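In the part that follows, the structures are each spelled out as structure tokens.
Shared chain: chain A. Partners: chain B in the first complex, chain C in the second.
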Partner chain A sequence: MTLAERSATAVVWTIAGAVTVFLLTPLVVTVIVSFGSSAIFTLPPPGWSMRWYERLANLRGLSSALAVSFQVGLLATAASLLLGGMASIALARGRFAGRETILAFLTSPLMLPGLVLGIALLQGMRFAGLRDVWTSLVIAHVIITMPYVVRTLYSALTLFDFSLVDAARTLGCSYPAAIGRVLLPNLAPAFVTSGIFAFLASMDNYAISIFFTNAWTKTLPIQMLNYVEEQPDPTIAAISSLLIGLVLVLLLICERVVGLRRLAEI
Partner chain B sequence: MIAALKNRLARMDRIAILAVPALVYMIAIFAIPVAGLLLRSFSGPDGFTLAGYVSFLGDAFNWRVIGNTLRVAAITTLICLAIGYPTAVALSRARGFVQVALLVAIILPLSVGVVVKAFAWQIVLRRDGIVANILVGLGVWDTPQLLLFTETGLVVGAANLFLPFMILPIYSVLKLVDPNIQDAAATLGASPVYRFFKVALPLAMPGIVSGSSIVFSLAVSMYVIPSLLIGDRFQTLATLVGRSFLLMRNEQLGAVTASVLLALALAIVAFSSWAVRRKGDSR
Partner chain C sequence: MREGEAFLDIRGAEKSFAGNRVLGGVDFGVNRGEFVSLLGPSGCGKTTLLRIVAGLLDADRGSVRLAGSEIGNLPTHKRGVGVVFQNYALFPHLSVADNVAFGLRAQRRPQADIAPTVAKFLDLVHLTEMAARPVRGLSGGQQQRVAVARALAVAPKLLLLDEPFSALDRKLRETMQIELKRLLRDVGITTVLVTHDQEEALVMSDRVAVMSRGAIEQFDRPDAIYLRPKTPFALGFVGHSTRIVGKAGASSDGTLAIETPVGRFFAAASFMGGAPVLLAIRPERIRINAADADANSLDAKLTELVFQGSKVHLHFTAGDAQTLLVEAAQIPPNLAVGDTARLSWSYSDTLIFPHDGTLQ
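And then the complex of A and B:
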């Protein structure tokens, strides 16, 4: 290696190291603050304490917001796995005109400003006379989760060898049995990863949810932003740390099911 | 023959039907309301009007807002590219534990909420925060300064949030590039600088274009980060949309601002897909 190449390699690894630190900074800070005894986020903390976690139990509005976010996230993810899964099969297998356009359309909410979508959806639902917060949230969140599901399932389906289904049928499987025993197990990783990403996107959504929540029904990000704005104390860091823990567990599941390397390809 | 054709046709239709529920849902819940919002921005007391746009574009404040939005998004994208490209290169060369560690560092933050991250950056960027302490310790600053509520702080938070969306597309392209190409160019006498600009960079271009367009469009429409890291003094198109609907209850202004933002986002999408396709054709 020449000197220029060696210094280029050194620069690349230095930047990669710095980027790793930079990316993990907010997560590390959050976890440290949540275990610190200081109420004003002193870093490094003067002492350690679990009191912010103890306060979580009787924090007003937290458990209901968590419940709303979980329910809405699960329902929206399930709905888009069903609708998006069917559409992906049609797009990957069908030979009809306009497939590219339909694919672009189904994944387009990802590229549009969330706030604009939220306003449009709000006005649409007002026009339709739908006032129930919970139902509106679920309906709106399907728009958030759909692009993740369609994008991942479609690319997995285009790589799937459909002659395997034909082979199973030749060997005596009925068509539904062939789908259930051959196609679905093969696509399970794609279902799991797209489902997890869709669920996390729904759990994290602020820009669309803000238009559908009221004083009584709030999703987690909105409730948390309220805490940050009203009475910032490390309790928020404690919630956040628990969420980071949850995501770590989900990522470990992904790693077991599909491997992180494939996750990065999505 | 005709029977077989009919059979094929029937089968094609059956499969296409599977896409119908999702399409109907997305048209009813997503496409029609977005179209409705666009229409609303053109509607006045007596039908079609451009008055909303005329007054929006006639206001110097709004031009400053558009300028703020584009400037912050452009700087964020450039920073993400400058540090994201080398990281993607490192990721494509890494093996084993290092590779897994890098991937975790990139994917884990991706799945942590924006409110959580913005909150953490509030702590880090305070006057007595880590960054200020380090800069004073290094002698860069004489006294600790406030980074929070400045444009620098906003860009730091935004770059942190969107960096994975730059790294992953570039990585997915680099991974497919044959490493022997570099060696071949070297064997043929290309200097390292020449190889970087004429071999490595063009090969990575599809990833760079798609990463940059994702980061730019995310940065143009971010809302939570500016509200928490810079506050009301500094308005972007997205925060202005939020303000007009959530605080001022001015739906006409909101619809116009939202349409301007939507047009910007669509322009970015159109430009990047055009750039990627042109790149593909020139191969």
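And then the complex of A and C:
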């Protein structure tokens, strides 16, 4: 290695280290505070305790918000995978006018400010006469999660050799059966990854969910913000730490199923 | 089957893509157990025709009948047509044996039949030892054999081969052509091969259909295609030839005189006097400095000598710009580049086509 290469490597590593520290610090602080004994956020904590975790058990509204978020997240992810999967096949395979436009449209919720999208969806659903909070919440989340699914699946499908599907059809599979027996197993990594991203995007969403919740149906992020307003103690840090744990578990599953290296490529 | 209907019988098949006519009313018939090639350059419509037979494309018009019944409106999986794809399209998530078993499982054949059938077809293509291997690591030749075994295992009525040798190197290609031809003949399956490689078509087929611009130019035995091409396209696409443009002159007793810039030649043909014609000769039919009676002949200068191992190509020039190609078994003695020689060929080897003013 020449001197220039050595110094370039050193610079890159320094930047990478600084970015990692910058990104990880808030998470680490949250986890430490959640195990602290102090009722206000102090670092380092004066002592250690599990009291904030114990409080979670009988915290009003937490379990129902968690249930709503999980149900909405799973339903929206499933719907997104099904609809987005079919749309991606059409976009990757079809040669029709407006293909690019549809692709851009399906991924546009990522580019729009959440509040704008939320208001638009609220008005749209009012206009369509849909007043059921739960249904509108799920529909809104399908729209939020769609870009993650379509982007990942579309890029995987453009690299997929569709003569495999043709081959399966000549061997006796109907078109849907060929998709199920050949396309799904070969693109399983892309489906798993996009599903996990979609689920996390749904779990995390605040800006759009706020328009489709009421006193009885609240998602977890909204309930958490309520707590912060009512009683800003490290209970919220305990919830956050559990969520960080959930993400870690999902990433580990990804790692086992796909491998993180391929995950980064997608 | 109807009277006079072939085993695979295509009538009036038409197909356009975005207003661009790819097939213009093709009639095509293949007999039971026959090996037929669709030969033509890319874009001639041969692959479109194959995909229409397999049901992977719908024809705009026309009928496709197989073994006496219409299949043109059936979905692909109900047609009983097997396909070996150009890239083989092996399923990368399955082993060799599971690839071969795929169709049997998809068609829900009895569980007890699957293993013996797979074993039989793996044995047929000499891949028994590879059964448990993933398909990823296989060589091109092995992949092709898996694809053939997979297509044959479900016992299709018809097998379609889409440029199956194009991914193989030349040496292997020749071996595989002979091997596959023998295998398919033993199985006794009716086969249609799509290829742009004339040698492949001539070597493998019982009959060859030469295609150009969405139409079949000639459908005949390989030797007839080579020796008696019906159109200038068939002449040009299959094998080499020398072409001389001229004008039909007087004809008598079925012998036609043709006036050309490099002399008057005769052929066994009849044409209206004065019509522009294209005269052609296959390179191995021209003899050098032979004492032939009743033969066409001219003097030409050797301009280039190309040694090709088992044969030699000699390029001659006559007159101003008329080039002639001669193929000989060996380099003729006493002939060097720059020398003039007498070239001759018999009347019956002189091919005549109507000429529209362009040379392909």
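Basically, the second predicted complex is superposed on the first by the 245 of 266 C-alpha atoms of A that agree within 3 Å, B and C clash if a C-alpha of one lies under 4 Å from a C-alpha of the other, contacts with A are read in each partner's own complex, and residues count from 1 in each chain.
Definition applied: a residue touches a chain if its C-beta (ideal position, glycine included) is under 8 Å from a C-beta of that chain, and two chains touch if they have at least 3 such contacts.
Everything quoted here is computed from the prediction, not taken from an experiment.
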item	value
Which superposed partner A:D161 touches (first chain B, second chain C, both, neither)	second
First (chain B), second (chain C), both or neither touched by A:R169	second
First, second, both or neither for A:M146, with chain B first and chain C second	first
Which partner, chain B or chain C, touches more chain A residues	B
Touched partner set for A:L242, first chain B, second chain C, both or neither	neither
Contacts of A:L74 with chain B and chain C, given as first, second, both or neither	neither
Partner chain in contact with A:L43 - chain B first, chain C second, else both or neither	first
First (chain B), second (chain C), both or neither touched by A:V133	neither
First, second, both or neither for A:R181, with chain B first and chain C second	second
Contact residues common to both interfaces of chain A (with chain B and with chain C)	none
Chain A residues within the chain C interface of the complex	161, 163-164, 166-175, 177, 181-182, 185-186
Chain B residues touching chain A - in the complex, by the definition given at the top	12, 15-19, 21-23, 25-26, 29-34, 36-37, 40, 83-84, 86-87, 89-91, 93, 99-109, 111-124, 126, 128-130, 160, 163-164, 167-168, 171-172, 191-193, 196, 214, 217, 220-221, 223-224, 228, 238, 241-242, 245-246, 254-255, 258, 261-262, 265-266, 268-269
Complex contacts: residues of chain A adjacent to chain B	2, 4-5, 8, 11-13, 15-16, 18-20, 22-27, 29-30, 33, 41-43, 83-84, 86-87, 89-91, 93-96, 102, 105-106, 108-109, 111-117, 119-121, 123-125, 127, 139-140, 142-143, 146, 150, 197, 200, 203-204, 206-207, 210-211, 220-221, 224-225, 228, 232, 236-237, 240, 243-244, 247-248, 250-251, 260-261, 263-265
Chain A-touching residues of chain C, taken from the complex the two chains share	54-56, 75-77, 79, 81-83, 85-87, 89-93, 102-103, 106-107, 150-151, 154, 156
